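Quick notes on the structure that follows.
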Amino acid sequence: MIASPAAWRQVEARIARHADYGHDHRWLDLEVPAQFPPPAPGQFVQLLLPEPSPVLLPRPMSVAGVSSRRASRTLGFLYAPVGVGTRALSALGRGARVSALGPLGRGFPLARPGTPVLIAGGRGVAPLLFAADALAHEGRRCEFLFGARTRGQLVGLAEARARLSRARGRLHLATDDGSRGFRGHVVDLLERLAPRFDPPLVLHACGPHAMLHAVSVWAARHGAEAHVAMESVMGCGTGICRGCPLPRSARARAAFSSGTASLYGNREYAMCCTEGPVFEAGELDWERIE
Amino acid sequence: MRARAAIDLTVRIGPLRLANPVLTASGTFGYGDEAAHLVDPARLGGVVTKTVTLKPRAGNPPQRIAETAGGMLNSIGLENVGLERFRLEKVPRLAALRATIVASIGGETPRELERILEALGAEPSIAGFEINFSCPNVARGGARYWAMPRRLERTLARLRPLTRAALIAKLSPDVTSIGDLAIACEQGGADAITAVNTFVGMAVDLARMRSRLGRATGGLSGPAIKPLALARCAEAAAAVGIPVIGSGGISSGRDALEFIAVGAAAIQVGTASFLRSRAALDVLDEMTALLIARGVKRLGEWRGALRADAPPVRRRASPRPARPAAARRGVVARVSSAR
Amino acid sequence: MRARAAIDLTVRIGPLRLANPVLTASGTFGYGDEAAHLVDPARLGGVVTKTVTLKPRAGNPPQRIAETAGGMLNSIGLENVGLERFRLEKVPRLAALRATIVASIGGETPRELERILEALGAEPSIAGFEINFSCPNVARGGARYWAMPRRLERTLARLRPLTRAALIAKLSPDVTSIGDLAIACEQGGADAITAVNTFVGMAVDLARMRSRLGRATGGLSGPAIKPLALARCAEAAAAVGIPVIGSGGISSGRDALEFIAVGAAAIQVGTASFLRSRAALDVLDEMTALLIARGVKRLGEWRGALRADAPPVRRRASPRPARPAAARRGVVARVSSAR
Amino acid sequence: MIASPAAWRQVEARIARHADYGHDHRWLDLEVPAQFPPPAPGQFVQLLLPEPSPVLLPRPMSVAGVSSRRASRTLGFLYAPVGVGTRALSALGRGARVSALGPLGRGFPLARPGTPVLIAGGRGVAPLLFAADALAHEGRRCEFLFGARTRGQLVGLAEARARLSRARGRLHLATDDGSRGFRGHVVDLLERLAPRFDPPLVLHACGPHAMLHAVSVWAARHGAEAHVAMESVMGCGTGICRGCPLPRSARARAAFSSGTASLYGNREYAMCCTEGPVFEAGELDWERIE
């Protein structure tokens, strides 16, 4: 699952579909030439708006699905228009062009032996839908935990359900207010369901920082493996600018080998864009991440 | 490729002859090989590598980047692998690129720079050294420390004997007179000036009531600073006889031509490479096409060619003969008194 | 109006008490009455009028404006009606506005400034004088001329006895250490510092191969400079005990709060007024609403409140006691060595 | 025709129509509240794009027509997307909002006694269409000379013809290549037609700088009055920033009264936005304008 750093390309992508996805989210299908290497679940793409653009830097987006045809590939993205860049993106219509740089970073290590337990919080569902697809493609099924504050924030629940049923994933829902599924936090749901899953469990999580932190604590306590998709403000997305450090845990600092390619970071910090965005939870110093 | 045969784009930087005036800016193109599958570094005038320091540096705490209107603040803090690893691991890879390599080096004291040059000064794969006298993001040995003409002059005089490669002094824009600093560098023995590094800036996260960066301040780069960098580049070029390499907000062939028109001998592409990996090559190709379309045969015809009727920018022949420092100071005085 | 009753926004600037911290920036709001049908100047903390000089000035030749990424270059060249007409024609109209008027004045020499203050220093309708030590667009008496601590200190010492109104020194950002200049102004007797004026910049018209402005350079303002202005404002505020008035790219209440959070006592709205005539009032209203929403009762609670855990910006009580200059220099040294 | 400086307002305007107008031009109808004072022909409006915008400053545009209803007014503009700002404007659809500051400046002094001869070059036709409307409204007819390089550049010719026939203006065409109407420059056409017009002639012209210069030379030679709509890069549009100077002629400098309101300029320079954009041609130093 470690992408060769030199595998990324930059292409002009065409918006093939751009639709509402419920609860202020948008689904974006980008058509890219086939020379754009196939992304793996958990990898991301840097999207640059067309000129004249109200923002300077490209915006990182996780790939939420891929379909390939002969001469082109379609990448799906699920995003929330939260700021200037994503709002400007959301105004672009079918046929508009954006620049896509990728695929970037390391995705979820789905090949790890054990039962894949995918844990999504809110819009963190995006790369995990893609992960469920990929697992199904390998003939493996997954447990899929999806949590949010309230029912409405289970973003694109219908679509998730449809895709998971195709992927033969089992969907478990949690809402803080109990408006749908289990009442409580998705990690509480994990605590309750875990004994029923086939050990060893391999957790793959994406969602708000607090949720990922809780997953990491849970995994450490239960000796489970946890892989978490992190975010950071980014510049280049390719390891060049050194702009996206995440502090390593004491354990990771001790284990750090001076032979690690410099693109991936140093003893103190890992780069989110190259060594991540998916990290083994124990490698990060959660106290120093916000 | 054919297009470029029609025009002489070569640039002399001290002992160095660049095939064309487009370089990558330090810290924005790694060690030259990261994007080599998309940008052949050998097509560029040169690759300036990430600043290397005596000891490895882990860099500043997150966040290290904050976007602002038309620009980005960075607070990388000179994260780099350090001299030893650079020499053992990066230098051989740089050699393999068959490109013109300019190694950026940084130090907290003149002595540190000496030690780096003692180690690297004779590396055959390094065609030049850019000395980063201008990092806004380090606690010691940063832009403020080096913003003293005498310190610059003396330091360069100590470094000069340590290498036959080109010595380029990269200056900060955050000074009262970049012309004075450029003159000091020239007198200390620099072969060229790079003008400019990033501008010190700040951004506040009001929700958390603290800096949007891990440190209080960062360095601003990108289109927002282009007009400022252009003015400082023009001032430096008017002050010295050695070539000045422009840096700051360059993202198109037109931008490159603006810098060269006000007197730059070459230019660097920085932040633009984060937006488009091929930015440096695109700048080169667009610049070349524009020059050819205007019937320019030699890059030198364009350099400093900005019309003089808008005082005080002077028309100037190129390549310029070295002038005595006193005469040059006269020029600076003219330019600055006209501000 | 009711909203503002819930919070104390007053600011002290020497002998002056401003109703709130939002002023208009010199040169961007005329003489206060041009847009008075849309912006009641009496609601603002103050109106800073266009810089007036001893003799009328026709200003620089066209073009005087060039837009750049996120900013605008101007080369107005201090066009103004001159002292005589200002006194006879503008001052009575300023009085009629019932607003707090700060008259911006400029001079090519200390003597010229003295003569202006001799004429205007006792005008009851002028609450303060902002001395423009920082115009980038004039051949003489501009930013470069005044970027000398001793010249500033001595000039202010000569001006101080000429008026009981507030004396505010407006500084250029194009200096190595704005902290040093601010200290000199404080020691010369200034009641406050305005930080900052525009940054020297250039833009090239490639089609005509000359400056896009009638002069070679202009001054950059607008959102592009906000991060830079913020850093310089913070540095000045850390260096002196007198209030610092922030200027540069402020166009929203959030922007104003950023400047105040890093230590500004008040702020000025400039270029933003060209986009939205009501910009200064909108900044005031948005800022007030945000402060109230956060439960702030006194503007002083916000001032300099940026969290200190991102060194080197210090948490600081407000209003700050005057400290001896030596102690203050210590602070400056800390801030600058950390750059 | 001298607008009181304090007559301008700033309002949120709604795009009521935005259509192609031929030869890369666009027609824009903006609906403004009735509190926006009625513009006069030759006056302009500063249009500010909605956030996030790729440009900073507002863009000046001549009003090309006005229609008023009870609670609102519709302002028409004819423009060419030539740069970043106007191209971004052209991408806005019906219903989008832009900020409109105006009406600004001094328009054409249409009340001057004599035969109004309106002379348009290319997109300079915009304010003159409006002028023809206004003259018709006063029961006066005009001679309307419209010139361009070639037929296609007689921007919106059909619409101009229709509006002029309603306004009972007589349309005379000129193209440099003779592809429509008189072959030659519009000022040559003026030279040829002038003897047939009822003296005294009052010329009102808008178009490229070279054309306005030629009109000014012709008028001086024939003792005719000429009023020309000038352009300048602008900041505020209201006389405040002092950013739009046009050099005065020696005659105008000599006649300059020190009592002139400072908003309008000084002995050396007139401000395009307040004293103009329409100037009596003899007031400007044409050698020093580009």
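Just so it is clear, A, B, C and D label the chains in written order, and each chain counts residues from 1 on its own.
Methods note: a residue touches a chain if its C-beta (ideal position, glycine included) is under 8 Å from a C-beta of that chain, and two chains touch if they have at least 3 such contacts.
All values derive from a computational prediction rather than experimental measurement.
**Student:** Measure off the straight-line distance from the CA centroid of subunit B to the CA centroid of subunit C, and report it in whole Å.
**Tutor:** Each chain reduced to its C-alpha mean, subunit B and subunit C end up 33 Å apart.
**Student:** Take the average of all CA coordinates in subunit C, do the same for subunit D, and state the distance between these two points in whole angstrom.
**Tutor:** Computed value for the inter-centroid distance: 37 Å.
**Student:** Per the centroid of Cα atoms for each chain, what is the distance between subunit A and subunit C, given in Å?
**Tutor:** 47
**Student:** Among the residues of subunit C, which are close enough to touch at least two other chains?
**Tutor:** Where subunit C meets two or more other chains at a single residue, that happens at 70-71, 222-223.
**Student:** For subunit D, jot down the residues that touch at least 2 other chains.
**Tutor:** 55
**Student:** Graph shape for the chains shown, where an edge means the two chains touch. Line, ring, star, complete, or other?
**Tutor:** Topology of the interface graph: a ring, with each chain touching two neighbours.
**Student:** For each chain, which other chains does it touch, given as pairs?
**Tutor:** All chain pairs meeting the touch criterion are A-B, A-D, B-C, C-D.
**Student:** Sort out for me which residues of subunit A touch subunit D in the complex.
**Tutor:** Within the complex, subunit A contacts subunit D at residues 51-55, 84, 87-88.
**Student:** Spell out the residues on subunit B that touch subunit C in their complex, using ranges where they run on.
**Tutor:** Answer in residue numbers: 68-71, 73, 136, 139-140, 142-145, 147, 174-177, 199-204, 206, 208-211, 213-218, 220, 222-228, 230-232, 234, 249, 254, 257-258, 261-262, 290, 305-307, 309-313, 336-339.
**Student:** Which bits of subunit D are touching subunit C when the two form their complex?
**Tutor:** 5-6, 9-10, 48, 55-58, 99, 101, 232-247, 258, 262-263, 266-269, 288-290
**Student:** Which of the residues in subunit B end up touching subunit A in this complex?
**Tutor:** Of all residues in subunit B, those touching subunit A are 27-31, 34-38, 50, 56, 58-59, 61-67, 70-72, 74, 76, 79, 81, 85, 89-90, 222-223, 271, 273-278.
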